[in-house]
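Both complexes shown next keep subunit A, but they swap its partner, so subunit B is in the first and subunit C is in the second.
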Partner chain A sequence: MIERLVANARVVAALGARSVKQTARRPQLAAPLVIFPTALLAIQTGGAGRAVDLPEFPPVESFLAFMLAGAMVQSVMLAGNSGGIALALDIEMGFTDRLFAAPISRFGVVLGRLAGTAALGAMIALWFVAIGLIFGVEFEEGVAGVLWIVVLVSASSLAFGGIGAAIALKSGKASVVQGLFPLVFVILFLSTAFFPANLMLEPAASVAEYNPLSFIVEGIREPIVAEFQLADQLEAVAAILGIGLFGIALSWVALRARARTGG
Partner chain B sequence: MRANVETVRALVRRAMNEITRVPGAAIPGVLAPTIFFLGLTAVFGNLTLLPGFDSESYQSFLVPVSMMQGAAFTGAATGVNLARDIEAGWFDRLLSSPAPRPVLLAGLVLSASLRSLIPATFLLIVALAVGAHWPGLLGLIVAYAVTMMMAVVAATWGTSLALKFRTQSAAPLMQVGMLLLVLTTTAYAPLDLLSGWLQEVARVNPVTQVVEAARQGFVGDVTWADTWPGLLALAGLAAVFTFFALRGMRRMTIN
Partner chain C sequence: MPAIKTERLAREFAGGITAVDGIDLEVAAGEIYGFLGPNGAGKTTTVRMLTTLLLPTGGSATVAGHDVASEAPAVRRKIGVALQEAALDPLMTGRELIQLQATLHGLPRARGRELGDALLQRVGLTLAADRRVGTYSGGMRRRLDLAAALVPSPEVLFLDEPTTGLDPVSRGAIWEEVEKLNSEGTTVFLTTQYLEEADQLADRVGIISAGRLVAEGTPAALKAEVGRPHLELSLADGEVDGEQCESILSRFGRPLPPRDGLHLVELERGASEVGAVVRALDEAGLAVESLDLVEPTLDDVFVAKTGQHLEGADEQADGESPP
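The block that comes next holds the complex of A and B.
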């Protein structure tokens, strides 16, 4: 039993490392995760930075401090999408079939991909923390806050990766997963990723109040701009767990269907 | 001359056939600018409350930016499609035909210019439905003309990159490059309300003049004084990127 677990853990680690290397080596997978959210962060900070002067804007040190959490979440959602595209490409090329024929847990193959996505999430968090520090953001909760941000962002990455993997397993086509790219932005715009809900226009403001993504964003944002509030952090963790379990359950169902029908 | 016109027409017809035969491939390019428009107006709509914001409606302020985005995506898609044709060997067959290479470029660019009307019109209908101001006939003509010319700029940019890299992997570069050019302008707010580096970049970015020219009818009156700088900027950008695209065409050898 333990031997089997160790063997599966090795498979997950190896496939996770492969997933990270694959993303780093393919610019079309890596660029959307880093370049696009960073560029958008810079442009939105410069373009809408004066929003902090609006009377009802929450007290923050700068608009960049407010926007960092949104950029991180945007990036991990794109990481989940990119992970799904990479998995779909593996399916299209027959690599996944070879793995399924090997004497290893089939779900371990999916978990390996998700482990890689989670590792990318941690790197994404560190990237944006570095950008924040370079451009003068003072993290209110210090080092402990930064470490907690890395945990939340990495876990969010795994959660969104589960949904990307499920769609890849169900469709088996990279183009289908790639087509979800605009949907990422729909969900982002309907959350508090880029602006406080009280200053958004209706109906987006009302949707943002209940969008699970808003809870995740606020959980990540809090250690940057304010002090920890346990209730906010629990809401963030619950939202990540909810999305993660939903994605993993969908992946499991799609994997079983793929194994049963062969594609 | 007549043969050249026929070649351009055939290339334009081929590009249009792609829309009717593979509509799924065109949908993201049509929807993306509208999604960005609706999302950004919902998120940043209250920026109009800032003192000095020269429009009461953020929808009206943002429509021309999204039209430029649509043109940029359409132009970039022309580059991606060309890279696909190069990879598949179809472009080699075009090059071995007696058609002059500038004519081939003209066909690609003109098709992008016409295709840009699709996302622009879709966006405009949605924008007017959610409260953007009617720009008047003259404002509409200026906005459409600027959109089509922006698509020419984006298509020559995409084409020059496709000819340089000869792979669809260069697609993000084509898309992000144009998107940055459009967004580092007065896209989100008037020049005086931009902060830090963006204000400096927007001041010298020629596309700022393009956005302002397209915006006139939506936020006020159309004047020649606000139109010609945009047209001049478009002509300059198109000349530069056409030079690179033509150079790429000339350097292309048949495999």
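The block that comes next holds the complex of A and C.
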């Protein structure tokens, strides 16, 4: 039993490492993860930095400190999408057949992809933490807060990766997964990623208030701009778990259907 | 115990499309079985079922003694698979791919590295091992695919059109490796649309058309079923006496209708009579200008069984065979 678990863990780790290398070697997968969110962060903080002076804007040290969490979540959502595209490319070129013909759990193939996406999430978190530190953001909860941010961002990446994987397994086409790219921005703008809900107009404000993404963003933002509040962190973890379980369940169903039809 | 056995194996797809329609076959351990048929005949669907990538919708199949539907993990432990189009990640290096394959088959890291080096050497890719697969030629990709399929030291090796699209030299290299593997005891199930490939490599050939097995046997037996070798000859200018020629040829077998100025005869006793035919014509004062002994091909078998030619038959007749 333990031997089998170790063997499966080795497979997941090897496929995860391949996934990270694949992202690094394919610019069209790597660019959206870092370049777009960093550019958007620079444009927004440069252009709308005085938003923090608005009445009722939450008390933050700087607009960059407020925006970092949004940039991280944007990046991991795109990482989930890129992971889905990469999996769909594997399906298109028949590489998944090679994996499915090996004596391993087929779900291990999906978990390997998600492990890679989670590792990318951790790297993304560190990238934006570094940007924050370079540009003078003081993380209110210090090193512990940064470590917690890495955990939340990495877990979010895995959760969004599950949805990307499910769509890839269901459609088997990279173009379909890629087509969801704009949806990432719609969901982001209808959350508190880039603007506080209390300053939004209706119905966007209500949508943002209940958008699970807002809970994740606030969970990541809190250690940057304020002190930990257990309730906020539990909400963030619950939102990540909810999205993650939903994505993994969808992936499981899509994988079983694919195994039946051999598609 | 046969290496592969199927009973009324069938696969129907959505929309009522029957890709494989009740195939019965038995492949003995240590045999090279050639599965020959045109595109869309059902070869790949059969291989996908036998390699557990696709569930049958009818009948049953066992590979290395395990049922492909109910004992799929056990089947996967015993097989090596090189699928059509060499499904390789162009961003990985050859070495990375082989080592990933070793991990998938549960080999310890050190053993995987050692085996990877040996297999890359075996297929002549040591120098290219650290290059990305995207930079490999078609032949190199197929050889890498073959090396990856050998990682688990398979009892049964499935090769789905391993040489399609390759130049004659690369094709020859793959053939050589397949023969070597078989001589080491590996059972090989090889699908192909190339007549010569099946003829050269396979101990037995199964011909599939429209999802059904239409003929099966050794290449020699299948060809013998459709007729004897025939001789095609032309006489030197000014010496064309058709009637006299045919009268002489009829002593050696059944004359066939002349074609494009050639005299044809189906030799009763095969190639051994060629010398006697030439001597007889010479004694009658008829000088032979050209002479060709034409053996029946697997395409003739295919035509006899299905009424159609196999795709690629003409291409091979034009000299596509490896050196």
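Just so it is clear, the second predicted complex is superposed on the first by the 263 of 263 C-alpha atoms of A that agree within 3 Å, B and C clash if a C-alpha of one lies under 4 Å from a C-alpha of the other, contacts with A are read in each partner's own complex, and residues count from 1 in each chain.
The rule we apply is simple: a residue touches a chain if its C-beta (ideal position, glycine included) is under 8 Å from a C-beta of that chain, and two chains touch if they have at least 3 such contacts.
In this text, all values refer to a predicted model and were calculated from it rather than measured experimentally.
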Partner chain in contact with A:F185 - subunit B first, subunit C second, else both or neither: first
First, second, both or neither for A:F194, with subunit B first and subunit C second: first
Contacts of A:L99 with subunit B and subunit C, given as first, second, both or neither: second
Which superposed partner A:A249 touches (first subunit B, second subunit C, both, neither): neither
Contacts of A:R260 with subunit B and subunit C, given as first, second, both or neither: second
Of subunit C and subunit B, partner touching more subunit A residues: B
Common ground on subunit A, meaning residues reached by subunit C in one complex and by subunit B in the other: 26
Contact footprint of subunit C on subunit A as seen in their complex: 7, 10-11, 14-15, 18, 21-22, 25-26, 90, 93-95, 97-104, 259-262
For the subunit C and subunit A complex, residues of the former touching the latter: 13-14, 48, 51-55, 73, 76-77, 79, 81, 83-85, 87-89, 91-92, 96, 100-101, 103-106, 132, 148, 152
Touch list for subunit B against partner subunit A, complex: 24, 28, 31-32, 35-36, 38-47, 49-50, 169, 171-173, 176, 179-180, 183-184, 187-189, 193-199, 201
Contact set on subunit A toward subunit B in their complex: 26-28, 31-32, 35-36, 39-40, 42-51, 53-54, 63, 179, 181-182, 185-186, 188-190, 194-195, 199-201, 204-205
